[in-house]
Amino acid sequence: MMDKIKYFAAAGLATLAASPAFALEAPAPTAPAMAAAEAATTIAKGDTAFMIIATVLVMLMIVPGLALFYGGLARTKNMASVLTQVLGVACLAMIIWVTYGYSMAFGDTGNAFIADFGKVFLKGVTADSGAATFSDGVEIPEYIFIAFQMTFAAITAGLVVGGTMERAKFSTMMVFTAIWLTIVYFPIAHMVWATGGLIFDWGALDFAGGTVVHINAGVSALVGCLILGKRIGYPKEPMPPHSLTMTLIGTGLLWVGWFGFNGGSELEADGVASLAVLNTFVATASGVLFWMLGEKVTGHKGSLLGGCSGAIAGLVAVTPAAGNSGPFGAILIGAAAALVCFWFVTMLKPKLGLDDTADVFGIHGIGGIVGSLGTAFTMMPAIGGPGDADYNAIAQLIIQAKAVGVAIVWAAVGAAIAWFIAKLVTGGRVSEEKERDGLDLSEHGERAYNY
Amino acid sequence: MMDKIKYFAAAGLATLAASPAFALEAPAPTAPAMAAAEAATTIAKGDTAFMIIATVLVMLMIVPGLALFYGGLARTKNMASVLTQVLGVACLAMIIWVTYGYSMAFGDTGNAFIADFGKVFLKGVTADSGAATFSDGVEIPEYIFIAFQMTFAAITAGLVVGGTMERAKFSTMMVFTAIWLTIVYFPIAHMVWATGGLIFDWGALDFAGGTVVHINAGVSALVGCLILGKRIGYPKEPMPPHSLTMTLIGTGLLWVGWFGFNGGSELEADGVASLAVLNTFVATASGVLFWMLGEKVTGHKGSLLGGCSGAIAGLVAVTPAAGNSGPFGAILIGAAAALVCFWFVTMLKPKLGLDDTADVFGIHGIGGIVGSLGTAFTMMPAIGGPGDADYNAIAQLIIQAKAVGVAIVWAAVGAAIAWFIAKLVTGGRVSEEKERDGLDLSEHGERAYNY
Amino acid sequence: MMDKIKYFAAAGLATLAASPAFALEAPAPTAPAMAAAEAATTIAKGDTAFMIIATVLVMLMIVPGLALFYGGLARTKNMASVLTQVLGVACLAMIIWVTYGYSMAFGDTGNAFIADFGKVFLKGVTADSGAATFSDGVEIPEYIFIAFQMTFAAITAGLVVGGTMERAKFSTMMVFTAIWLTIVYFPIAHMVWATGGLIFDWGALDFAGGTVVHINAGVSALVGCLILGKRIGYPKEPMPPHSLTMTLIGTGLLWVGWFGFNGGSELEADGVASLAVLNTFVATASGVLFWMLGEKVTGHKGSLLGGCSGAIAGLVAVTPAAGNSGPFGAILIGAAAALVCFWFVTMLKPKLGLDDTADVFGIHGIGGIVGSLGTAFTMMPAIGGPGDADYNAIAQLIIQAKAVGVAIVWAAVGAAIAWFIAKLVTGGRVSEEKERDGLDLSEHGERAYNY
Amino acid sequence: MKLIIAIVKPFKLDEVVEALTGVGVQGLTVTEAKGFGRQKGHTEVYRGAEYSTSFVPKVRIETVVDDAVAPKAVEAISAAAKTDAIGDGKIFTIDVSSALRIRTGETDDTAL
Amino acid sequence: MKLIIAIVKPFKLDEVVEALTGVGVQGLTVTEAKGFGRQKGHTEVYRGAEYSTSFVPKVRIETVVDDAVAPKAVEAISAAAKTDAIGDGKIFTIDVSSALRIRTGETDDTAL
Amino acid sequence: MKLIIAIVKPFKLDEVVEALTGVGVQGLTVTEAKGFGRQKGHTEVYRGAEYSTSFVPKVRIETVVDDAVAPKAVEAISAAAKTDAIGDGKIFTIDVSSALRIRTGETDDTAL
């Protein structure tokens, strides 16, 4: 389950390995005698209601949220292709998750890198199974924990699409997703979120998935765009976003859904979830304003795309910090992420000649790194963070840096393998003529718009 | 209230008529002595929170969800018309529901086909009135039960629009809706969901409305498109969807909202609701992938519209099965519905020469039938369903088939009457010139887009 | 906190000043001994879940909801500008709110017009702080109360954009927002919602913010459009909405989010919140139908834009009445608001020569006035309202009228000051050439669409 | 060679193209246009603001043909586009001095 | 007959049409166009990628008129479209050899 | 003066404009068009309904130039737009009887 390491970290890292109230590994049906259909009485209704809706909100982030955010950035002729890729990989991730992904990440036994295959096909889970939260004696139905975590796997797979869109084949993305989930996502999720997981045991702070989701997706997309190569005409030919309106809708829906993503990672409807929600507001607002400020200061006009980009940068950065920060720590981390991502995307990237179509690495990767490292500081009580008086930010920073390092290396190597196999099996990218005509017609035989 | 017949069915059909804990018929204010304004103490806050949000989610399905899904499929010149029709009939349905619809469907007394008119204008309902759930002693405010059920009536009316759009007059749709709700929707809702209702008493499984909503809407739309006739130029002239982007947004919002539709049908935030949500994820994902697979296998390109269509087919099919299935039953039923609907819509329909504009019958009707019949099988413990060890799938299949049969016949006859009267009163479809110019200008005096 | 004056009003206005269970002024950490991290036990999980989601729903209203509603009404060349302005002012409002806005409106001490600065930077608030609800002994986390109220400030700032869009500079809107929140919004919020606030103490009925949000925004926008002047070419040149599709999406999302706005104002997931939700459905449905009826009766075609406008008019009018009305009172108030706003916008406005681009005054201002005054009547038990048998509608109407009057005057004067300063500092509106080219290119250097 | 410009109702486009290929025309170019003429446009009302547009949607077809084909082409378009209702459109013929097919470099009549 | 092609700024369209009807022109066809000339386009920046487009939005008006009307029409367009700012546009005149009204079959001058 | 109308593939637009400015052309006007010719369109399938469109997207460039410049302009367009694949497009040349720059009132050759 989500690590609420903050409390334990504050209490002394030595006790960590033993204490986490992380009972999910053995979610014994909490009332095995109750053969009747109603959920067991220890299931908290308020938390269950909260987690169901949080799960629904993450779905809103994927389709239509993320699909529109990316789709708006594409050219008209590739719109349907982008939408189909996000939809397709997310659906595939869901099926794989209930088949063996949940078991690999959160199975009952396991080592530092992976759980087991005891829960393949969700064996043994019923409507009465409970999953522990961070409070003793409080459980939520295991089915909703499975669903909530499933949406995380699905959106992370969807995020990768942004790096290679407008040239990667649909079939390439599907094959890549299946391999990549298995060798990259499930292990990293286990390492970070499961008791006994490598990074979990280090005591790294990652409230809602800065490493598992964002750094992971950013790095994997970067590897993909290097392996598949640039779009024809890039960077000479103009490739402006075909609809900033769609990108704005996507931004709004991502923001809205992110409250479920970050708030739901608390697993309970309580004060910490409320704090995570408030932080998710202000870090994002800060990201929007500071990206536009960055544009202004560097002699450009503040732009809508800048505001949207800043929003995502702020959201990404506050993800590991959501419950591990006070509101002003969140504002700072949002501002920092926006400025660093702005610098990377508008100044460094053109020099590197990267064609990361939707800047998945530039915003999710870089923003995730800023957020993960920054969380070591937002915890400090001096800036309103929830850390104890003797909280040691530097010690924590080292742990965070190690976690980031492991995530980057694992994702880079694993993604390279996955991209390589996917390219071998499916060809990787469409032919030049098909790319020129647009992937909508050539890959899907349809147009996104027929005005 | 929603039938949770599954438990009773498992316990033996003989005891059915007597046992359902269906107290809604007499939702006595649960604490009549408490004149103070706060809600009575037996109202569960967690469940109330859940049901309020579930209701809101169903609204998201209608406008903008369904409106965009259908609108995207229309031609540009009819976009505003489609949006207005969905909005208009949904609003009308809401007003009618609180006026006499709720009473007709869920009034205190009644026979096998209809309740009574004792609650017209919601007489006697206050903020303290409770409505029973499926657990003894657990209630939710009657107002939210009314609102939740109201959204079901509204979306079902909205679904019918898809069969006759691009030619039916706005006034025709409004008159049709008023009559059709009264003679078709309210009776079927009573028959299926109210204690004493014909189909309820048979013990048919319909978790969230496969018969009442989908088969009903599908058949009624089919009758409408037969009575009003084909669009000018169909099928010779190309009529591609004007914006698959809108259709994708609609699909996403329908999916997101459907968690409220299916999950909320449990009336409580518990393990069964969680299961219903998980099933609503995976059946849909399965529908998306299998429709696209169907396209591939028959020699076409996997398409975005195919993916969206498969999503809806999966959602429709899992509706009766949501809490009556394990996740793998849901994957199977989603796949089956996608393939059957794909076959109907792309292969059989062209031969029949039907002009069911948005394939309401082809997806909601056919998908609803596959789902309703399939639920007899998803209950089987052998494929992870929640049925008891002695659950008899064949016996249940017969009940399901009878329920489907009644729904089809009642909807067909009732809808024919309603269409006939509506056509008589309003003229039915616009003139040839108006159809050619587009209904946006001729019916509403505006354009959806002025780029 | 939201006034639930209805109960007290019924019990006799004399007792008002003393009795409100409005403990927010001193939200003592409810379990100061519990240094452990989990939220204090008196926090109701169900209510917390509800309030978190209600807060998220209000965010949905702002971006993408309101942004799209307004954006669709603009011309293509100003689309990105409108979206950016709504996004930008909302973000700014959020940062200001946590910095000093919350303290100014809801600080611990204070007079009739303003609280204090004791909670600047949310000093003293932790994840364990509770905020009282209207029920004794029931609390929600203070963080979520802060976030919920924050979204109200943000959307009100966003609403003002509609009056001056297509000509006001982005910088003008930002400067205006900062000043206006400080001298207009925070004081009015305090006056209406805080114990000891001027209008609160009068016993005015305002369930969810008819005065604070809608009248306030409407009047402030009107002042802005008078001070900045008309758009070039208005009213001679045609300026049809560039995308009614976007306006419909915005309408739908506003409606969906408004359930959080109105329902959440109850602060608890109970029967009154359920009633508020039901009323928010039917008043809106009534608004849609009656605006279109108004068009029909005056010899025009019922239009989609009319339906959307009626929806907003209904939503605005039911805001103060949401928990202070029965469903049929809500239908009446929705109808009345739609017809009055229809008359104002289509008949009176052209004569006045106002260029209130998105009719913020015409719909939010006028609709808010109709709603605030109408709430005096919807309370009457004779039409199903929750008022006591001895409820005096005329006495209440006078109170309502006074509240409306104060809101109008305060908003008009304060907004005039804020607009004046903003214009002085930033120039107010773009040059003629820039206006002609469109604000997207001239202010933001981008196009909303590149088809 | 002649350039024939035909302004016709949009829903007639497919029939006109068919008719033109019938008389041997092998290429043409189509643009979307707004026409102003005897046929009146629509009135739109947005929240009380009435806009009567005098324009109606048209398609503009242009094709360059051999002098010999020109009369037949005009004939074919005219027959296919006719609905006998106002706004059926116009056909103009203009002299072309030279033509070139870019791909092959062929010129004039062989380029068409 | 003459074909007059005028490329003008979009916001001048209504005035130009009014001016043309003023001199007796009864029909015309309008298409949206992008112009390249002395007037410079805009610079757009998307996440650091700068695109300077050299095109500016224009409308292209074409009308076929009687030889006698042609000079007056050119005059009228010119007066209505003028803002004295760069990019006001151009007017070209071309000979037309024949015209046909599809609805009636009328030809040449009577067809306009 | 000559009016040169070139129908070319959309992604070649920038190169064609560059080539034209290279031979001294100072203005031109572009419209989006759909072409019908030897190059075949695409097949689209929507829920089983197959639409084979015979049209392909093209841009239509028109520029009026001095008689002397005309052959060079045709040459330049042709070189820039050529991909040797079917559908590269056509170039037509038509006589123009007069031209006018609206802003200045300059006429004919000086107006271009």
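For reference, chains read A, B, C, D, E and F in written order, and residue numbers begin at 1 within each chain.
Throughout what follows, a residue touches a chain if its C-beta (ideal position, glycine included) is under 8 Å from a C-beta of that chain, and two chains touch if they have at least 3 such contacts.
Everything numeric here is computed off the predicted structure, so don't read it as measured data.
Colleague: If you check the contacts of chain B and chain C, which chains show up for both?
Modeller: A, D
Colleague: Is the number of contacting C-beta pairs greater for C-E or for C-D?
Modeller: C-D
Colleague: Calculate how many whole Å lie between the centre of chain A and the centre of chain E, each centre taken as the average of the chain's C-alpha atoms.
Modeller: That pair's centroid distance is 53 Å.
Colleague: How many angstrom between the C-alpha centroids of chain E and chain D?
Modeller: Chain D and chain E have C-alpha centres separated by 17 Å.
Colleague: Can you list the chain A residues in contact with two or more other chains?
Modeller: Residue numbers touching two or more other chains: 44-47, 49-50, 53, 240-241, 243, 249, 300-301, 303, 305, 445-447, 449.
Colleague: Hey, what residues on chain D touch two or more of the other chains?
Modeller: 31, 44-46, 94-95
Colleague: Where do chains touch, given as pairs?
Modeller: According to the stated criterion, the contacting chain pairs are A-B, A-C, A-E, A-F, B-C, B-D, B-F, C-D, C-E, D-E, D-F, E-F.
Colleague: Give the list of chain A residues in touch with chain E in this complex.
Modeller: Residues of chain A touching chain E: 235, 238-241, 295, 300-301, 303, 305-306, 309, 345-347, 349-350, 359.
Colleague: What part of chain D is in contact with chain F in the complex they form?
Modeller: 1, 3, 17, 26-31, 62, 64, 94-103, 105, 111-112
Colleague: Which positions of chain C touch chain E when the two form their complex?
Modeller: Of all residues in chain C, those touching chain E are 233, 237, 436-437, 441, 445-447.
Colleague: Write out the stretch or stretches of chain F touching chain A in their complex.
Modeller: On the chain F side, the touching residues are 11, 14, 42-46.
Colleague: In their shared complex, at which residues does chain B touch chain A?
Modeller: For this pair, the touching residues of chain B are 4, 6-7, 44-47, 49-50, 53, 57, 75-76, 134-135, 240-245, 248-249, 251-253, 255-256, 259-260, 263, 268-275, 277-278, 281-282, 284-286, 288-289, 292, 300-305, 307-308, 311, 323, 326-328, 331, 384, 386, 449.
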